[in-house]
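Listed below are the structures to be examined.
In the two complexes that follow, chain A is the common piece, with chain B as its partner first and chain C second.
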Partner chain A sequence: DIHMQYERVGADVTMKCGSMDWDAAVTWTANGTDIDESHLNGSYLILKNVDLSQSGQYSCYEGSSWHLKYQTYLRVGTPPKEPVLMCRSNNYPKGFYCSWHLPTPTYIPNSFNISVIHGTKDMVCEKDAVPKNRCHIRYLQLFSTVKYKVTLTVTNALGKNFTTLTFDEFAIVKPDPPESVVAKPVPNNPRRLEVSWQNPSSWPDPESFPLKFFLRYRPLILDQWQHVELSDGTSHTITDAYAGKEYIIQVAAKDNDIGTWSDWSVAVHATPWTEEPKHLTTEAQITETTSASTSSFMAPPTTKICDKGAVVGSGAMAVCWTAGLVVAAYSVLFI
Partner chain B sequence: MAAAESPSAALRRRDLCSRGIRLAGKMRADVVDLLDAYVEQQGLDASASVAAVEGVPLAAVERWDEQTGTQRLLENLAAYRAFRALLAQMLEEQREQLGEADAGLGRALAAVLLQVSAFVYHLEELLRLESRGIPGEEGDGPPPPPRLSLFEQKLRGLGVLRELAQWAVRSVRDLRQLAKPSAATSAASGTAPGLAESP
Partner chain C sequence: GDSWGIFTFLCAALCNLPALPALNCSEELGAGQSIQQTYDLTRYLEHQLRTLAGTYLNYLGPPFNEPDFNPPRLARAERVPSATVDLDLWRGLTDNARLAANYRAYSRLLCYLRVLDGQVGTAELRHRLAHFCASLQGLVLSIGGVMSSLGYPLPAGPAGPPAPPGTPAAPNDFLKKMDDFWLLKELQTWLWRSAKDFNRLKKKVPPAVVTLRLEARGF
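On to the complex of A and B.
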């Protein structure tokens, strides 16, 4: 029989060689390697102040016959510290989930038990397959002032610990960040950026439970964010961007009435449209624009001149310049 | 078979729902401020649990998404009528206890009472639009409770304001459901609009 033995880091461990007498001649091995006799007290193996590296398989053999008399698997670890527990509703009003982890590893197996009480009623938190340390609950009631009490107990062979969270229904509502954030320059507008996004897909009913949004943006060269709060819609036009500067933009979401703001969305980058610098061009290289714009200058801000494949949001208005005289004449016609 | 709602009735309903949502939103903000002031001035612990008090309508509801439009309106109406009476009683008790010493709290209570009364009227208008009879007020709520001690009055007041704050959020949600076009025919036919199941 192989035994399993759990011991705390720093403990002194004594292993007996099964039913062998104290004065029997034995040999102990650790993971197949003989253990020096200095660690023996008679036939007992003494390990002082054990550390994690001493986890392994320990075997005891009778001295002359080398018959295996005892075998144990030693796991050195620690009792659990108070677990970290978090509960959140990112799919209100369907339900909420709780997830947990240990602040420091124990190095031995742990089991977790979670209990949820709403008033006097026990609720079942169904464990998720993935991730493991998570369970979810469906709301049976909405708009209750009665708090939820969630207790998580973690147990291992060396001890147990627990933590409790108490909260009300509204306090834990926190949507996931908005998805598919896109920022584009606006043609012929050097100070504008058009930003759009979508509701997080985990939010089940945005029509009945609308979200509001918080947009923040700044040029990469500055640290200060600009903020805009938007009570409806999933798009916004920034109108005070610095011309020609690359911006970083993020969006967060919150239920219109309750709870807290989501984390910030993935950041997107965009640079406002910029006027293409004038070059000396020949008459043969001028191509006509199709837009009704009075400006004949046009090039996507982040792309090379006349590189149509990289044009973003500029439509069919790429123009290549050739001669200076033709440029002047053209300008007079269209400005 | 549900009768189709006339375009003018649909517009009127959406308009009443929109205004009701704004009213409920404002009411909630004011109730939350009032709650903070009440807790402080009454010397209460904000985190104290208050057992359900007789006569205070609980906002908590099961299967909220399965309610019909009419159910939502009737439950809201019964609740806010009860709050109207409870707030009037709190105002009276406030004046008896403190006289003019705490006029600010009294004014805040009176302001919320006014909003609750306006909301009751709003709900009655919506019910008329749904061609539903408006229940008489005699049937609303239990008879007045026996005289409470000062401390019991304070705790009841805390319970009243907390539930009112919850109701204000619930009412916003209820009115949003009512404002949906599908709510019109289902309210008339008595079937629940239901929420679409997310994938």
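On to the complex of A and C.
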């Protein structure tokens, strides 16, 4: 007959050997290992100030016959702290979902119960199979004046706790980030990058509930972002990119009128179009190359200039940029 | 006592909007542009309302100005048509029905706000309310303009008694404040809804309507 008991971290635990008398001679084991007599008070096992490592199987055997008299499984844990609850509508106007977690583990099994009240009506939040700790609700009505009240209760063998969220339908609207962000150089335009993306697939009705977008971009070598807000369309051309520099670009989405901005999309990298190396030559070499083939050049001169003292730092970069500009200006003369 | 009668009279007097003048200007602009302007107006009003509501709720005092205040809706007859609607029903509204719902709602809301204006204590509030009412009147006219340019008849005016005569007036100060709280809530929700209504209308108004009018002007 196996028992299970849950005790709080730091508690003092007394285990009785079943129906044995206090003065009976017994031996206790923890996970098969004998426990020293100093922990015994008669036939009772005393564990003071238990910690997590003391979880396990405790067995009590009658002294002489080594008969198993009692067995229990001890699990040391904590009662739940106030859970963290978040509700969000990434599929407006279909509905919303709530997800939750405990700020610190309890080390013992917990059960969660979620209730959603809208005015006087109780609504059912259907639990998701994956991920766990998440449930979703469909809106029955749109444009409600009455708030939603979501209460999450966590219970385990050592206690319970709860948290409540109250919100308006509009306040929790937050789309998923835009998808399929693509950034491409524009041929013959050394300062342009063409960025395009798609509405997040979870947004069910972009026709009636259009999204607006926020684009941010910067060259990898700088820390400061540039921002553009776009009220419609799913593409944008950056026209002030630094020539030849690799850029990192991200896009975020928001319902046109309500709610908050999505998280940033996955970052994409792109470098604006640069000219073919054969144009970037000195005057002397030009007369040579008109007869020789261009494949004899192994690397464009700009790279050579930048390679000198090739420590990545603002000084070297300034040299690169200056060289880049000079070469770009020079090459324009030869087009 | 007789406060209900006074209330009805006030509303009837204040809500006697003049018949809409011949809207030649909006006909020239075309329905598409008017819809955009109406949309912009709702966004502007929504923004204005945030400040106004904050000030007014502070004037009402606690618990009305507490952010978590979430009272149950009392079983009093709703004075203003609610913005709340079943999703499929909302999607299926004809352009005419959609516009008419907005027109009726804001006409009534304007009416009640004007009554409020006459009652509030502080000069600052009176000033804000007056300014808001003026903008709200602009919205009602703008919606009316869109309806006219699309050839829809305007809904019957709000000049009549705003609620069934059987509705009792707020019997005490607290319930009166509660009524004001719900009025502001309903107004806020309508402005959120209108943004979506006009988004939908923007997509649905056929470009041909605008083109036709431009051609008529000899472009």
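The rule we apply is simple: the second predicted complex is superposed on the first by the 278 of 335 C-alpha atoms of A that agree within 3 Å, B and C clash if a C-alpha of one lies under 4 Å from a C-alpha of the other, contacts with A are read in each partner's own complex, and residues count from 1 in each chain.
Keep this in mind: a residue touches a chain if its C-beta (ideal position, glycine included) is under 8 Å from a C-beta of that chain, and two chains touch if they have at least 3 such contacts.
Model, not experiment: these values are computed from the prediction.
Student: Check chain A with both chain B and chain C modelled on it and let me know: fit or clash.
Tutor: These partners clash in the superposed model.
Student: On the A-aligned overlay, A:204 touches which partner chain: chain B = first, chain C = second, or both, or neither?
Tutor: first
Student: One more residue to check, A:149. First (chain B), second (chain C), both or neither?
Tutor: Touch partner of A:149: chain C, not chain B.
Student: One more residue to check, A:66. First (chain B), second (chain C), both or neither?
Tutor: neither
Student: Once the structures are superposed on A, label A:120 by its partner contacts, choosing first (chain B), second (chain C), both or neither.
Tutor: Only chain C is touched by A:120; chain B is not.
Student: Between chain B (first) and chain C (second), which, if any, makes contact with A:141: first, second, both or neither?
Tutor: After superposition on chain A, A:141 lies in contact with both partners, chain B and chain C.
Student: Going by the contact definition given at the top, which residues of chain A touch chain B in one complex and chain C in the other?
Tutor: 93, 140-147, 170, 207-210, 257-258
Student: For chain B, which residues count as touching chain A in their complex?
Tutor: 25, 28, 49, 58-62, 64-65, 162-163, 166-167, 169-170, 172-173, 176-177, 180, 195-196, 198
Student: For the complex, which residues does chain A have touching chain C?
Tutor: By the definition above, chain A touches chain C via 93, 119-120, 139-147, 149, 166, 170, 207-210, 256-258.
Student: Report the residues of chain A in contact with chain B in the complex, numbered from low to high.
Tutor: For chain A paired with chain B, touching residues are 91, 93-94, 140-147, 170, 204-205, 207-210, 257-258.
Student: Any idea which chain C residues touch chain A in the complex?
Tutor: Residues in contact with chain A: 43, 46, 68, 70, 72-73, 82-87, 90-91, 182, 185-186, 188-190, 192-193, 195-196, 199-200, 203.
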